[in-house]
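Inspection log for the structure reproduced underneath, given as structure tokens.
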Amino acid sequence: MSHDTSTTSEGALLVISAHAGDFVWRAGGAIALAAERGQRAKVLCLSFGERGESARAWRDGLRLDEIKELRRTEATNAAAALGAEIEFLDAGDYPLLETQELVDRVVRVYREVDPAVVLTHTLTDPYNGDHPAAARMALQARVLAQAVGYDAPGEPLGAPPVFFFEPHQPEQCDFKPNVLMDITSVFDKKRKAMECLAAQQHMWDYYTDLAKRRGVQLKRNAGPNLGLAHGTMGEAYVRLYPQTTDVLA
Amino acid sequence: MSHDTSTTSEGALLVISAHAGDFVWRAGGAIALAAERGQRAKVLCLSFGERGESARAWRDGLRLDEIKELRRTEATNAAAALGAEIEFLDAGDYPLLETQELVDRVVRVYREVDPAVVLTHTLTDPYNGDHPAAARMALQARVLAQAVGYDAPGEPLGAPPVFFFEPHQPEQCDFKPNVLMDITSVFDKKRKAMECLAAQQHMWDYYTDLAKRRGVQLKRNAGPNLGLAHGTMGEAYVRLYPQTTDVLA
Amino acid sequence: MSHDTSTTSEGALLVISAHAGDFVWRAGGAIALAAERGQRAKVLCLSFGERGESARAWRDGLRLDEIKELRRTEATNAAAALGAEIEFLDAGDYPLLETQELVDRVVRVYREVDPAVVLTHTLTDPYNGDHPAAARMALQARVLAQAVGYDAPGEPLGAPPVFFFEPHQPEQCDFKPNVLMDITSVFDKKRKAMECLAAQQHMWDYYTDLAKRRGVQLKRNAGPNLGLAHGTMGEAYVRLYPQTTDVLA
Amino acid sequence: MSHDTSTTSEGALLVISAHAGDFVWRAGGAIALAAERGQRAKVLCLSFGERGESARAWRDGLRLDEIKELRRTEATNAAAALGAEIEFLDAGDYPLLETQELVDRVVRVYREVDPAVVLTHTLTDPYNGDHPAAARMALQARVLAQAVGYDAPGEPLGAPPVFFFEPHQPEQCDFKPNVLMDITSVFDKKRKAMECLAAQQHMWDYYTDLAKRRGVQLKRNAGPNLGLAHGTMGEAYVRLYPQTTDVLA
Amino acid sequence: MSHDTSTTSEGALLVISAHAGDFVWRAGGAIALAAERGQRAKVLCLSFGERGESARAWRDGLRLDEIKELRRTEATNAAAALGAEIEFLDAGDYPLLETQELVDRVVRVYREVDPAVVLTHTLTDPYNGDHPAAARMALQARVLAQAVGYDAPGEPLGAPPVFFFEPHQPEQCDFKPNVLMDITSVFDKKRKAMECLAAQQHMWDYYTDLAKRRGVQLKRNAGPNLGLAHGTMGEAYVRLYPQTTDVLA
Amino acid sequence: MSHDTSTTSEGALLVISAHAGDFVWRAGGAIALAAERGQRAKVLCLSFGERGESARAWRDGLRLDEIKELRRTEATNAAAALGAEIEFLDAGDYPLLETQELVDRVVRVYREVDPAVVLTHTLTDPYNGDHPAAARMALQARVLAQAVGYDAPGEPLGAPPVFFFEPHQPEQCDFKPNVLMDITSVFDKKRKAMECLAAQQHMWDYYTDLAKRRGVQLKRNAGPNLGLAHGTMGEAYVRLYPQTTDVLA
């Protein structure tokens, strides 16, 4: 397996997600690995997922403000477990509305963080319209942030690569992974972060199983001679823009 | 730009092409870079391109055996200019017939070379049926070589990644590059290799222009802050299997 | 042919269309069959099609309010002929604007009707932007209605399957039918409903021919041994989400 | 969830696979369900998977004939555990060669079995060329068996629907499930059948996890109100031809 | 509507089909128009369709040689009605085998006819494997015929555009028309040619209805101001290679 | 090569672009050819590209109004060099917002110009969101302008064909050309128009190289016998709607 050891360790990882919990299930391994390498890792939650991803809290009779606070606390703990910063834009969910004002706020985050890598949702998800909405805003803001003429503080952004993290039903979202990431060494951190999301206990095992599954595929694609220990854990991604490199591996 | 510095420098690069000249136009940069890094680079030409890619020689009145010899010499010189070994299977072209005997010969090359990376044609090319035929055989042989039960000398193959190199009319071949490779440092070698193919002089400039074009795109995708010198030259590839990595970049 | 005899006869059929006439041409058979089985069938017209689908009325010099009334009457009659309820949201057409307020009204219909099945337009239609707009809102509202946290009366929606009905130029709309429905037994009702749309007489034969065409395909896909009477009439649909079943047929 | 209760219980289920074990991992639930309903279920293995799917036996030093016998015994036991007949054509694997003689043998099986439903591999699988080869032959033979003019015993075949079962790496095989099948009631049989394949113990848990995963998706697509017990197990399929039906569900 | 009045009136039209009747249903209008303009129109039938397309004759108890003769006569009459030459290669059908010898015979036809335009089947057809087989050979032979080094009489072929004609179930064959051809002026000839195929009477109306349907679409895409008479009849095609032109219309 | 000599010379060419310079690089040849044939050619720039396409001016310290004026002047000169009219809607860029008011202004241009052909951006461009936004509005406005009931001056529009012009990174924008246009005779005008855009000098050669590249492909697709002079220059387009014709060429 090719282990890129690029100089991106100096650049930041920016994760843009629709709801408060998405980054844990879908990108927890990548975040923990970045943090371990010393990269700044920042999670930007456009909403708390207070309406669409908090069924149990509603059934338990909590109020909207209580649910938001609950989700904030959980997500903050999970980010800490992974070694990441977290910021909430509280833009509302179900639906997460695409507004130019919200895009502008995301542009400002790009300019401030100056990420070397960006992670976000897929552009297709027939089960959850907030996910593609977040992705479209993440991509639009990235392009706007690149323009010297865009009126926001900071320097124009470079061209950080963008990776889509894995949706809940990947095939239905046309998610065909072209990157399989080895997260074995940090899986315990990802599990701990998952356990911060107390209301979604059934997901802990679901996403542990998924990590195993992606790990098996990783081994299959990396080849049997790579000395990957049994029990490899993985995360799957789709790279949006072409990889730029000077070695094929 | 991410510069993978994987341990693949110890593994070999295997290029499987239908005709004698394909590897020069389409993968000359990748070959020269591998050779410079100390990788073994081997080109396997299934045919000489004696019927389909030698129009001038036929018009000049050469005989079939003379044309084959001409193409062999040119390609051997071009491989040398790039620092690569070359082998010809002389399986005939226009059409390049898919036979189990030919696939078996390719399996044996895989087992002998034990490549860390494989380059071949795209699976679609409405302008030249030999190209997809070569690609199908290259892929089938790779899978066969992986099986311990396949009756051929050598150890079972690992799972070397496969990259499709660029066809003449990329869009018509559904070629959507997901890897842009920086070949600036070896472009002079690629140009020299191209000039070994004396009969196709109009292609020298065509593929020099293409390298510039892919270089411009490489800069655009790598970002303006990467310090890429003006005059970046590139080659485009499509990765078939998911990339396995432990860093997103 | 597999004749599903599911318990959905107890659930409702909800048809969400952009304009007043769409449900007749595209889903009249499915509606009549549902009604015959005793299902509640409800048609929701987001607009009357007063600007984009009423060319003759405009040429005849009618005013906007007259045209709306005309379309309302025709569509109401057609729904009655099929055995369906009908409701008009009068949201305007050409363009049918996607607003959160309109989506919210559709959510409330979902919560009230609690459909077992949903029919709507395709997501692609280069000839009529209102159709995809209606489909996007129908899909977004369905997901919102599922969330316990969404602020609207009624219980959270289940996961009713969604079928896209056939657009006017199916291939150009990337409409590849994966369901062919036998509407032979109710075709006379569909024809009567079509004849309620007096201004579009040329369409009566066009959609009768289409029903024959889909019927021929239905017979071809169901097999010659199924005892389908000559003169089978059909409607074509695309299922959006995976079918859930415990028998393959 | 729609539970089709069609009359197909009288027709046979025919599973056509490249190697001896494929039917267990990929379609064991569908087979067991058919058998329980009283359908004839027949598995046709084009080869034993003696070269490509028997790595451990080769490493253990068995001879080719011993390996074939081993795989025959295992697969026969697994079929029995599911309630299915099994037949081996011993056509050789890695590669499974597409010959007209082999297709003709498959035609004769179609004519004899007269299946109501056919299951086979996907047409794309970059990890195993035998799978698409088997699928191509299964599809070609089905069409040939339909022709009254084809010279083989028996009556012309009808038009049995075809379902592709799930490959090992579904996304890489462009496998987008459009049918999710509830196999909860027979999962114990599927597990027993898997355990007949002693050499592939690591697969038992892998495919148990997969059944859980498809079960979760089944519940999500069937809706929360369907009363599906916790612990739903599923299998995923892709339907090739349009479904023919008279009810949308 | 753009009426190309290119100099192709001097070049020939070559139609390559799998079975004896295909050219009538699918390309009869284009053939008749070419003949009327004075183009040479040549139909090449790779087989008579004696096994797969002659169900009635088999049921009537005819022998294989009688069926071939019947199909030859019918197709010859149909070609005459359209103003075309016809040639039969009698290569057998169901299956139509792809052999290098057959491809070579097609190359020789290309070299002899030197077509300005080529029509053939689509590359996908899940209902009939002979159709894609014919298309693959037609395309392969075209490329071989272009090579000066290919050993066959005549001059190397130019680059005649290729159009796929319409299959029986277009959506299932991924047939998305990008050319709609106005065949109104010759539809009576097409109808007469169809009526030469006496055994397939049910197809006469089916393909008359299809011509009407494509005619309606043609009018819709050409615009209302084009003065197209009511009753426009059409045929649909998919262009394989890019159109070359110096006017956009 | 087929040279359409349709009567469209009487109709107008309408080019709708997001920014002031797009029409020069992407469609300059088609515009100049139309003008030479005597067609009215009109360019509609939705914005000046003042923020996103004017990096040098911003770095040079110009104010927003100065930059707009600069871009206006350059684009006006370029249009004049091509023989086209130009109009600016000054709707703002980066982002170009999709508003119903802007769409309505475009409808009015359609009604006034009554174009025979429309050129615009592709619907996909991951590098620049303004381009797809412009395309979506151009397409929506075209459909609205066709409706007699749409409240804007002028007659309802016909159905002018739409062509997407080439984006900067075609493969990444899913741009698969199906029209290659010969612009050799007007390339000097296109070059002069490019040179009016003084700030983007590096683009002059880039797009000259691209014209050569498309010219080579044009020759390859038109065939060697067409007498195309060496040095053919080309532009690539994607036709959105089916071509309507009565000759295949």
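Each chain gets a letter, A, B, C, D, E and F, in the order it is written, and its residues are counted from 1.
Throughout what follows, a contact is a pair of C-beta atoms (placed from the backbone, for glycine too) under 8 Å apart; a residue touches a chain by one contact, two chains touch by 3 or more.
Because the structure is predicted, anything quoted here is derived from the model rather than measured.
Enquirer: Give me the step distance from chain A to chain C, shortest route via touching chains only.
Expert: 1
Enquirer: Please give the intersection of the contact partners of chain B with those of chain F.
Expert: For chain B paired with chain F, the chains in contact with each are A, E, in label order.
Enquirer: Please identify the chain with the largest separation between its CA centroid and the CA centroid of chain F.
Expert: D
Enquirer: Tell me which of A-B and C-F has more C-beta pairs in contact.
Expert: A-B
Enquirer: Please work out the Cα centroid separation of chain C and chain E, and write it as a whole number of Å.
Expert: 36
Enquirer: Chain A to chain E: how many Å between their CA centres?
Expert: Centres of chain A and chain E (C-alpha means) sit 52 Å apart.
Enquirer: Enumerate the residues of chain F that touch no fewer than two other chains.
Expert: In chain F, residues 127, 172, 177, 217, 220, 241-242 touch at least two other chains, as defined above.
Enquirer: Which pairs of chains touch each other?
Expert: Here the touching pairs of chains are A-B, A-C, A-D, A-F, B-D, B-E, B-F, C-D, C-E, C-F, D-E, E-F.
Enquirer: Which bits of chain E are touching chain F when the two form their complex?
Expert: Result: residues 1-8, 13, 30, 33, 37, 116-117, 119, 156, 158-161, 163, 177-183, 185, 217-218, 220-226, 236-237, 239, 241-249 of chain E touch chain F.
Enquirer: Would you pull the chain D residues touching chain B in the complex into a rising list?
Expert: Going through chain D, the ones touching chain B are 50-52, 54-55, 58-59, 67, 94-95, 97, 126-129, 172.
Enquirer: Contact residues on chain C for chain E in the complex?
Expert: Against chain E, chain C makes touches at 127, 168-172, 174-177, 206, 209-210, 212-213, 216-217, 220.
Enquirer: Within their complex, state which residues of chain E touch chain B.
Expert: 100, 103, 139-140, 143-144, 147-151, 240-242
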